[in-house]
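Here chain A shows up in two complexes: once beside chain B, once beside chain C.
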Partner chain A sequence: MFIYIVKRFALAALVLIVAVTAMFLMIRAVPGDPVSIMLGPRATPELKASLIAQMALDQPIWKQLLIYYGDLLQGDLGVDVFSGRSVADIVFQQLPYTIEMISLSVLWSATLGIALGAYAAAHPNTIIDRVAAALSVSLVAAPAFVVALLALLIFAVKLQWFPAIGAGEGFWGRLNHLVLPSFAIGLSWVGYIARLVRASMLEVMGENHIRTARAFGISERRIVMSYALRIAILPVVTVIGVGMGFLLSSAVFTEIVFARPGLGKLVIDSITTRNYPIVMGAVLVSTGLFVVSTALADLINAILDPRARSAD
Partner chain B sequence: MNIKWTKAPMGRRNFLKSATALGAAAALPMGWGGQAMASTAGTLRVRSYGDMSTMDPAYSNGVFDEEIHASVYNKLIQYKPGSEWGWQLDAASMIEQTDPTHIKFALRDDIGFTNGHGAMSAEDVKFSFERIIADETESPNKPDMGPLSHVEVTGEREGTIVLNEPFAPLWSIALPYIAGNIVSKAATEAAGGRIGTDPVAESGPYLRASWSPKEKTVLSRNPDWKGEAPAWDNIEILPIDDENTAEIAFEAGELDFTRVSLGSVERYRAGVPNGGKLVENPSLFYVWLGMNLDHPKLQNLKLRQAIQHAIDVPSILEAAYFGAVAPSTGIIAPGLAGHRAEGQIAPAADFAKAAQLLAESGETNVTLTLDVLNKTTFTTTAQIIQATLASIGITVEINVLESGAFWDSGNNENLQLILNRFSMTPDPTYATAWFTSEQAGIWNWERFRNAEFDKLHADAARETDIEKRAEMYARAQDLMEESGAYRFITHEATPIVHSAGVTPGLRPDGLTLLRYFGKS
Partner chain C sequence: MAKSHSELSIILRGVAKDPLGLLGLIIVGMIVFSAIFAAWIVPYDPIGMNIPDRMQAPSLSHWLGTDSLGRDTLSRVIMGGQVALKVALPAVFGAMAIGLTLGMIAGYGPKWLDNFLMLFFDTVRSFPTVMFALAVVALIGPSLQTIVFVVMATSIPTYGRVARTQTLTLRNSEFILAERAMGASMTRILGVHMLPNIIGVLAVLAAMDIPTVIALEAGLSFLGLGVKPPTPSWGALLKDGYALIRQTPWLVVGGGLPIILATLGFTFLGESLRDVVDPKLRKNR
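Here is the complex of A and B:
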């Protein structure tokens, strides 16, 4: 198990290096003079020269990359060009908002999706199964930005049950402000997870150990909850791990639509203003989040199913 | 001296009252049972388009920062809220131009800085203005101060602003806008010469109580402010990029004030939710189609004139701006010196004349590229231009560019047609500054070079007679139009909505002056 963990995290580190290097090169390949964009139209040539030197933009790309990794190894993510604040401070100030939104989305969508899928699998080809199937497909097909706007109009404007914008203050305030964004992001996942769990459950329910359990007279409820679901849930764990990337990208528009602070909005704003240090800091952290969640999903899989360890 | 410092003591009774209120607020789940509406309990909630980036006026990034700086700092003079451009005294009790290069001022005796930095003095004014122009400050706002030489301190609260040459925009840009904010010399020096994202000493009617990046900035009353008391106890400024989100938040009762999209104006004209009001302000922005005079395809004046006459501005305004804006006659908006009542080319297209000019040009099979920013308004405008130019036989290929690439177009020598939009401060010199020969290939993307224009721009900035200035700027715009490189489209508009209990304090272009927001 230890070797497995080392291997997984070594792979995660490699992915992180490749992603950060690729982003570093890509942002510099984007057209547009970053210094003019950052300083605006009235910047003097001296001021531009000063910023170019400060950001090492007068150096060859490979040297800029080396400088970046050198600073990174010392834990220095750089400084925001506009405010002079530490990039690490800025990124880690925004990160909790995104994590709490994604976590709540995963939590509610996985809970409901697993329940819906398990129930449908336990009652195959019944009217309930068919309704659940139709509902799942409909939810998968619902674009999150449409859900977000409709949710805003119905629950914030019309009914005024939930706030429309911001992140709130205090535990209840923050939770209240999370309801609509996490609903928008998580809704399509309910359907996806439900379909996945149903298919996986039906496969597991046909296996020998389930038939044996039935022969022993164990209740159907216990068979589903204790024997079938534990195995059927494995693909869900993997999907959620990999789905972190999707959720992070969903967070971008959700943060814009709900005017929430967060990593996604930070990245978009920074790319628009060519604020390289912030873009790199935010990408490093979000990529880190993605690779760690993928590695954790693999580890959970390995714990739940020892075959996953030997197969790797 | 008329300053009495309040320590705002928190006695046991006050502490218990505050703690009870906070506890109740924390324990009560918001939302169920109805959202707290904006503008309750003396808190005004306004939308800003972006987040603040600094509390240092020398490094201000523009409107987002200035909204806050204008509330927590003072200037000698401030913009007057209303529908006409003008200024009123702020920290100055007297200000007078004694000759074209000397402006005497005296400060009020009741303005002080927070954090124990004492009364505002002429030394603070000198420090604030001179640090903007100092090379070592590297302030991007240095051009606002124009030919400022120095500030002479003649008394504790008296001084004289000395210019190297006359500078008319001193009264419309330098003093009442970003560069005019007065900071505490002692506090700024103690902070190492640069103020970061936290204020070091404030003096305005409001104090910056808190800042949650990308979420909100909270201003609260300055207990030591001796001027006219602001109407609101607190102001929450929420940075919201998206116009639709802001409109939804307003309709949900979570905002008291926001700019709205032009596409929503018609809907709000029919009625604003919750008894609110729509106010349609003009804007200083200017939008135009430019032609690169250095490009081989655009060397023919008749061809350029054909393009000018073939563009139908009313169609553009109807389709891209939902009929909510008026056509422009140049780069200088109504209300500013130099605005032309009429341009040389009427807004409506004259296709017969355009076709005739094209025939006279001798150009055939003309195909041109048109670069535009990737915003719906501009892409729609570009499509209409494409269609109207096609009607006289000119083919247009539209290049849609992301903002970073678009704003780097000065470096693009292959640029042909470009749909552009610049912002403005309320002085005509800020408009003409970008079209001088010196700016060719930098911000003058048409690469328009005209010696008379350059001279007019330089002379008009020094001219203090308003009528003469106006004539000079009008002539400058005539020259632009005569070059055939420009087709002026619109100055846009700034429609805003506000809730029933709010009286907005706005500049004539609809931008906020938060300290002047009232209650109704």
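Here is the complex of A and C:
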């Protein structure tokens, strides 16, 4: 187990290193000098000179890369060229908004998805099972930002039940502002998780220990709730971990639609103002988030299911 | 050629038997048809401005209304389908071809090459797609080609990994060993004997991937980072509708529904194809 953990994290670290290097080289590979590209057309000669010194662009490329890594290890993502603030500060100031939106989306969709899937598995081939199955396929198909736009149109603009823009103040205000965004992000996950739980539930219900529990006369309700479901929801953990990249992608669009602060809004705003250090910083942080959550999902899976450790 | 023709008709007949598959086939057929003949079916010029008719609600003369420049929404929706497929098809087939080649090499070649390619796949997959797309668009500027490139780059690993797994399982089967014993070259073994056994699974994957690409193109165009105006795209319709959501909400519906419909159609078709081509795959998405 220990060796597996070390191996898995070594892979995660390696992937991150390659990703950072690729990103670094990508900026350098773009035609034109990186300073003009990063600063855009508005650059003054003084600004250019200071950035060249700051990014060590007068050094050979391998040395630049080492310096870049050194800075990254100290949590330094560079400096915002316009305001002079640290990119890390700016990114981590926006990150909580994105995290809270994603967490709420996962929370409600996983709860509903697991309930639907468990119910469908306990009553296979009934009308409710069929409806749930058709619903899951259709829901999976709806891209988050389209759902977000339609939800905005119906519930915020027409019916005016929920606020259309911003993140809100205070606990209830924030929650109220989170309803539509997390609805849009979570919707496609409900169906996906329901299908997953239904399939693994049916598998678990056929196993020996469930038969034994039945033979002991334990109520069907208790068997489902405390024996079968506990095992059947394991794949959900993995899927959410691996789906982190997908969730982040949905978050970008949803933040734009609802004009919410967050990582996605930060990136888009920075692209429009050609503020490349912030774009790169935000992309790196979200890539890191994704790599770590995938590794964690694999680890949780390995702890819960020893068979996964030897695979691959 | 005749053989593959009959195989295709067997597969199509299998899909048509499944109600959802048939529905998917009809939707996809409609989208492909309207995309090919878009220039002939559009009731108005999709980029022709007509200021006196601006911001009109849906009516008999403009079924889906007009936008702030007086352009007919229905015409733009139809033309937008063509743009969506122009991005999705080359991107998905390009990614499939490259992923297939790399995956087969990884599965059949030496161990070090396999390890190297797997690391490459894992790295590319570790970028959240949209974030990667935004970084690339920020650096090289938005265009149709940029989107095709981004989609290809990010989805190669998915095809590569599946092709590798399939190659690994086929590698030691008797007919491949026999070929090897007869001295067939690696290109011949991979191209003539492995390929036909792998391509079906990848085609299913491609069908399921097309809606993701359509959504990504629409998403980037919605952000103003996709195809350039005045090119009609479903995402651009959403962008225009969003900007004036109180005045022209029909644009949001006109841009949103085709995306959902296309996604549904390709997903139904893909799932049904999967059941026909390889029932073993049914368990997971």
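Convention: the second predicted complex is superposed on the first by the 252 of 312 C-alpha atoms of A that agree within 3 Å, B and C clash if a C-alpha of one lies under 4 Å from a C-alpha of the other, contacts with A are read in each partner's own complex, and residues count from 1 in each chain.
FYI, contacts are C-beta pairs under 8 Å (C-beta built on N, C-alpha and C of every residue); 3 or more make two chains touch, one makes a residue touch a chain.
Source: prediction; values computed, not measured.
In the superposition on chain A, contact is made by A:Ser50 with chain B only, not with chain C.
When the shared chain is aligned, chain B comes close enough to touch A:Gly168, but chain C does not. By the touch criterion stated above, A:Val237 is placed in contact with neither chain B nor chain C.
In the superposition on chain A, A:Ser83 makes contact with chain B only, not with chain C. In the superposed model, A:Leu139 lies in contact with neither chain B nor chain C. Applying the stated contact rule after C-alpha superposition, one finds that A:Leu116 touches neither chain B nor chain C.
Of the two partner chains placed around the shared chain by superposition, chain B is the only one that A:Phe258 touches, whereas chain C remains out of contact. When both complexes are overlaid on chain A, the residue A:Val157 reaches chain B and chain C alike.
Contacts of A:Gln93 after superposition on the shared chain: chain B is touched, whereas chain C is not. Counting contacts as defined above, chain A residues 30, 37, 149, 152-153, 157, 256-257, 271, 274 meet chain B in one complex and chain C in the other. Remark: chain C residues 20, 119, 122-123, 125-132, 134-140, 211, 215, 218-219, 222-223, 225, 238, 241-242, 245-246, 249, 252-253, 256, 259-260, 263-264, 267-268, 271, 283, 285 touch chain A in the complex. Here chain A touches chain B in the complex through residues 30-34, 36-37, 39-44, 46-47, 50, 82-85, 90, 93-94, 149, 152-153, 156-157, 160-168, 170-173, 175-176, 179, 256-262, 265-266, 269, 271-272, 274, going by the rule given at the top. Listed in rising order, the residues of chain A touching chain C in the complex are 11, 14-16, 18-19, 22-23, 26-27, 30, 37, 137-138, 140-143, 145-146, 149-150, 152-153, 157-158, 192, 195-196, 199, 244-246, 248-249, 252-253, 256-257, 267-268, 270-271, 274, 276, 279-280, 282-283, 286-287, 290-291, 294.
Across the complex, chain B meets chain A through its residues 25-32, 34-35, 50, 53-54, 59, 61-62, 135, 138, 140-144, 194, 196-197, 212-216, 238-242, 244-246, 248-249, 251-255, 401-408, 410-411, 434, 443.
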